[in-house]
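You will see chain A twice below: alongside chain B first, and alongside chain C after that.
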Partner chain A sequence: MKRFKYADERISERDIMIAIPSIVMGVGILSMPKQLASVTKGADGWIPLLLGGLFAVFISWAIAKFASGFQGQTFLTYASKIVTKPVAIVLSLMFAILSIFVTAYQIRKISNISQQYLFDRTPIEVIALPFLLVVVYAVSGSRAGLFRINMMFMPIILSIALIIVVFSVGWLNAGNLMPVLQTPITGYTQVIANTGAISYLGFGILWFYLSLVDKPKKAPKAAALGMCIPVGLYMMIFIMCIGVFGNAVTSNLLYPTIELAKVVEIPGGFFERFESVFFVIWIMAIFITATMAMDIGIFALNAIFKNTEKLKIIFILTPIIYFVGMFPRDVMEVDLIGSIMSWLMLILNITVLILLTVVAKIRGVKRNE
Partner chain B sequence: MLGRSFYWQNKKKNTEENFSLEIGTNLTENLSNIRKMLEDPSDLVIREFTIGKANHRIAIVYIDGIVNNIYIHDHIMEDLKNASDLPVDKQELFDAVDKEVITVTGIERGHSLDDVSNAILSGNTVFYLDGVDQVLIMDTIGGESRAIEEPQSESLIRGSKEGFVENIRTNTMMIRRYIADPNLRFSTYKVGRRSKKELVVSYMDGIVNPDMVDEVKRRLETIDIDDAPESGYIEQWIEDSFLSPFPQILNTERPDKASEALLKGKVVILLDRTPFVLIAPATFGGLLQSPEDNYWRWSLGTLVRMLRYLAAFISVFLPALYIALVSYHPGLIPSDLAFSIAASRDEVPFPPVMEALIMTATMELLREAGLRLPTAIGQTIGIVGGLVIGEAAVSAGIVSPIMVIVVALNAIASFALPSYSIAITFRILQFGLMAAAAVFGLYGIILCYIMINIHIVNLMSFGVPYSTPFAPSFMNDWKDLVLRAPIAMMKRRPVYMQTNDKKLMNKGERKQ
Partner chain C sequence: MNKAYLFLLGCFCLLLAGCWDEVNIEERGFVIGVALDLAEEQSGDKPIITMTDQFVVPSGLGTPSEGGNNAETPYNNLSISGQSLFKITREMALIQGNPPFYEHLKLIVVSEELAREPEMFANSMDLLIRDHEMRRETKVIISDQKAKELLEIESQIEPLPAMHIDRVNENMDKSGALIEPLRIGNLNEYMLEKNNYLIPRVVPSDGKMMFNGAGVFDGKTNQLVDVISGLEIVAVNLITGDLKGGYIEFESNDGEMVYEIKRAKSNIEMNIDETGKLNIDIEIDTEGYIAEVFSDNSLLSKEYFNELDKLISERMEKITSNIIKKAQEDIGMDFFGFRKMMEERHYKEWLKVKDNWDEGENIFQNASINVTVDATVRATGTVDQTRD
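Take a look at the complex of A and B:
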């Protein structure tokens, strides 16, 4: 059937701009203030947050810049041109495996948090299954549909986050933000070792999704702009958490962002416990993160196994994701796996970026501009 | 089915034996052919008489009741009888009757018995001349039909009180009156194997995207059914996904709504014998719009639109939220309210799910019962229903008063939606959400909501994504979505329709 131009499977640079915050903002934001506050003093956590954010903005821009040079080519195609096919396949596989781990991690995390805030007795396995099935339903549809979902959910997600920030201003205690700049250098290095990169991960999608963009010229700018959204939001949330709870309390709360929502009182007396409402809506953010991560996995695998149907790949991946997600025994293990995974993801992205750029320069691979 | 096709086969055998499908030169044989084909029904009128000096035998054939008798008398019979100086040669006489004598406006020639039978069965009159193997088919369609009335399913406070009727000519006439533009196109199709119903595809040439028209026509050409009694048959045949609960084609009884859609670059499909015309494509945003939004000043239009989104939310989510909050998250409700709910639910023996199911099922029954009954009794049903549900059920301790409020609000909200087809959709979704809420509480509701969204973004209506202009988003179209911008600011036609003529909708510029 004939479709209108805008209704086909291509995406615009605006979709890229929305996709970046969609995948970046997931479960990380819920515990991020705790991890930062535990190694910094006062509200100093905003410095690594900002620096890490700028770094992420730069990386996003760089990846988008590089990938947009190969218009309409999948990652596997242009990586094969640059670093031979076997290496490209290995890189694609690594992206696929890590993406699957990200999906599993998000699903496990959301089950844990749901159990804490919404259910008491329901086992994690039961909470995770319907969520995974909804994710599978989403990735079985069209890829352009995912970007439409991002476009529809992002305003809701951003507004609920902003509501929290705005309505908690009343509880802000300026004294909690003091003292300023007292954190020793070792504190900052600890931040980087602990958490620094985790919160901003997600720029890896650019390697793959840029092949769907029709006019990728503006994509680097769009990707960088998109990355600015989580950077700004994270800093606001972090400062509000510290300002409301103080550094010591924040570092002892498991999910300070949700606790911040607990403080919020929406006028009208309609919601007694706003944190449940916040978390329920935040499920949408986690959902799109998990969905896009899984879709990247499918995208990468589909490029390698060209003759395999997409649905077949999905049906093979689904049980794997479920078992990987259910494997860790407790929250500590989940977090450990989460940070290992994030580091691997970061290293992989930077390695690929440097490797491809340098080799392309040396071998003089032409870009189609 | 089997019996019927058997009957038809028998019939076919008779056909071959008894009469020929060609029109011969012998008038008596021709007339007996048509009599045999229709088995000489009592409403078949055959008038034989002679005209001209040479006393040529002629016959007028029509079916009584579906023709305009006065018109036949004035413009066929009188003309034929009063005609003078007619040629003697039969073929010349036939041509003269066609060209000069008869003053009926619509006239064409037929060459086979099928032409004749189809023509008279749809209200035309057929003229036979002895010795000529052709007939004249004259447009005398008439008969009783309903007068133009205010549409019952879509009445407005402000706006035209005209509604479409069953007669397709009247309907096309009404659209023509709204859009007096040479680029308004009506392409005619016949649907149905047995009963050939007229179907008209209407669009604005120069505005509409040609791909859209081609796609609609392509799908219409695939229709292969015995008969299409209502445009619902057409809708279900050409829609994109029959599994979706969402209507992918809008229907309306209002000519103003249809002509507004035409000017936005949509395609309107009219079918004979039904006042409901179809508008394709449909998008989610369009389901919550009513023509009246544009008739009032923009501030009211905007507020009413926002109210409708609230109504949509209530009609889908409210019972589910009640179940989730009462059975899973009582802590979320303000404590005073939670206590009073708990107190009022004290005597209720059922869990919230059962309570909600009982009440919503009762509500659906009331709704359905009210529809079937004549208006006078319908009101009684309303009173009885209101009393029984509102008072007796509560005091008998079957349901809690809060549940009554929830169901009442839910029903009112679904009645507030501008189109019945979307109200039905939301009613269906509401049950799915109730089930999800019963199993997983708020978590289930949000997962269900996500699923509905996934479905909507993957749904297409004639190549247009159902979720547009939300996503793929077109900022220009947001002026006429949840908000309704002042008329003077809505300068362009909807971008999502990819119209040929994009400019200045309000200044009515036309592509030449």
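Take a look at the complex of A and C:
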């Protein structure tokens, strides 16, 4: 079986810039306005969204800055140098396991949502399987190819999101955005912890993908810029949701972003049911999120088990992902797993960042600038 | 290797076995209107609802070239009674081959009889908000008579009754007696925020229908409390600043005249003083034309315009004060959205008064509300006098 090989497996810092919004924008945005609106007043949710976003931009920049110091080295290599090999393996394994959970969660969530809105009678298991198989197909090819998919999908995804924002302006009721700044401080802290920062998870990919970048000098800036895209988009969508539905309704809609897409009507009865287009495109967004998450898992495992073929790892992981995804019984359990997973991911990223930076300083590990 | 491929190919053939959710477009029963009534025969303690779905019959519509002169009616109404609306929608699938499909639902008509029952209105709206096929743009109106009768009123121009009513509902810029069409998404908002609201009201008569006033709903019990007239809606629209167009008849020294309102704006200031009394100041600015004159005087003079301005302002002040008085004294409910404005602009004060707005301490009923109107006449149409 001959496989087509791309010339090289190198990527540019522009690929990194696109990869960040690609992995960040997944299923989270569909329910994010609800979670924010239910603990804030009026449209105040934009503040934690912005603060969480700035925090995420900073973390992405810091991770990229740190990782770009070790040009051409994988996470395992430089982590071994800093904190000894066993610890590095444990860290890699944790990234791999969490990435697998992220993939499983994304697949389960989109299966649930598309069953609710599109496939009334198709079992969730059947919706999830083809989706997973396509994801598997994508990851079993070249890694550089993944970045090309990102590059191709991202403009489409961004434009559909912008179209929704623009066309729902007609339904906007400015009164809904008030009262301004009436949320108690406790409300904000709760949100920043619960949704603000977690909506932006995905910067973990930088630990791994930066080793593929040829000239990582500009990568930190690119990563930070990339993170700004979801921050801006999330804020726009959140404000539109509140403006169109009002705070009380937004906090009661399970998927406000989809409902927002349902509101959009091209005038004159020319085009109703805009959400069908939105769905198709958002499934693309979730597809690349799931693909990248799975690829990170493979990347991390491949670095540990150097002698095992990539395809073998994929074929072992696939059924695991499927079973993990199908494990939760109902919507509540899916969300619980989602939030536990996001928390672990956040903690892991920050711990690794602090641990590696501090230990590298103490032990004086040289970065190859 | 080839055998493996063949095996895989065989496996994939299993996936071609079929699609669970395949529904051909001609097998969908497109519902464009829903009417909800209290069933005529009630039994047991729980009230029974009659739900009428208006299905589109595409063959009756015809194509433009055919001219649509088919004998067939383009719609088909189906009524079923029961307690649960969901059950009713599924029972419809037992009666006709095309089960109802609500994605294109345009209009929901609720009879006043049903809306007056406590909790019934909110209960019957639940499915229409909750179900994923329902859109939040579907409009809701109430009907003076049986709601299903409204879905039988045919018009020459628009063959589908639900579409016909829907189009009339949009004529807000021609008549101030229509309120902004109520979408079910907004209704959901009112229900969640417990603010009182108005729903456009339709009265059928002699095979025609007409929008006439609006029903006042209590935001806490979601129950029809009272009905206000078309002229009163003009006043409500003036107060809330939602007037898109309309007219005011007034008496001048030279006889009856009609003032067409082209633009109206309102500015509402509210505050609560130390004694806990609510003060609301409403300033209304309108501009428009003299649309009809029943006299033979010349209108074009600065003094005369000023006089007309004053007369119109007084007339508007009168109708707006009347509706406010009615709301405070007769109905005892705030359906102008003042409570919501309070929440938006004075959140801290709102927190203190939100439970005593039109109950308990009755902040709204005891409020002093002042209206000042500044109406301007811009022109007199294309002529000065039509006779001499």
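In this text, the second predicted complex is superposed on the first by the 356 of 369 C-alpha atoms of A that agree within 3 Å, B and C clash if a C-alpha of one lies under 4 Å from a C-alpha of the other, contacts with A are read in each partner's own complex, and residues count from 1 in each chain.
As a working rule, a residue touches a chain if its C-beta (ideal position, glycine included) is under 8 Å from a C-beta of that chain, and two chains touch if they have at least 3 such contacts.
All values derive from a computational prediction rather than experimental measurement.
Novice: In the superposed arrangement, does A:K262 touch chain B (first), chain C (second), both or neither?
Specialist: In the superposition, A:K262 contacts chain C only.
Novice: Quick one: classify A:A138 as touching chain B (first), chain C (second), both or neither.
Specialist: first
Novice: With the two structures laid over each other on chain A, which partner does A:T84 touch: chain B (first), chain C (second), both, or neither?
Specialist: Neither partner.
Novice: Touch test for A:R273: chain B only (first), chain C only (second), both, or neither?
Specialist: Touch partners of A:R273: chain B and chain C.
Novice: Going by the contact rule set out at the top, does A:P179 touch chain B (first), chain C (second), both, or neither?
Specialist: Once the two structures are laid over each other on A, A:P179 reaches chain C alone.
Novice: Could you let me know whether more residues of chain A are touched by chain B or by chain C?
Specialist: B
Novice: Pick one for A:S114: touches chain B only (first), chain C only (second), both, or neither.
Specialist: After superposition on chain A, A:S114 lies in contact with chain B alone.
Novice: Please indicate which partner A:T308 is in contact with in the superposed arrangement: first for chain B, second for chain C, both, or neither.
Specialist: Neither partner.
Novice: Touching chain B in one complex and chain C in the other: list those residues of chain A.
Specialist: 1, 118-119, 130, 272-273
Novice: Which residues of chain A touch chain C in the complex?
Specialist: It comes out as residues 1, 41-42, 116-123, 126, 130, 175, 178-179, 182, 245-246, 248-249, 252, 259, 262-263, 265, 272-273.
Novice: Using the touch rule from the top, collect the residues of chain A that touch chain B in their complex.
Specialist: 1-7, 12, 14, 114, 118-119, 127, 130-131, 134, 137-138, 141-142, 145-153, 269-273, 276-277, 280-281, 283-284, 287
Novice: What residues of chain C sit close enough to touch chain A in their complex?
Specialist: Checking each residue of chain C against chain A gives 1, 15, 19-21, 103-104, 132, 135-137, 185, 188-189, 192-193, 340-341, 343-345, 347-348.
Novice: Touching chain A in the complex: which residues of chain B?
Specialist: Answer in residue numbers: 209, 211, 214-215, 328-329, 331-335, 338, 440-447, 450-451, 453-454, 457-458, 460, 463-465, 467-468, 470-473, 496, 498.
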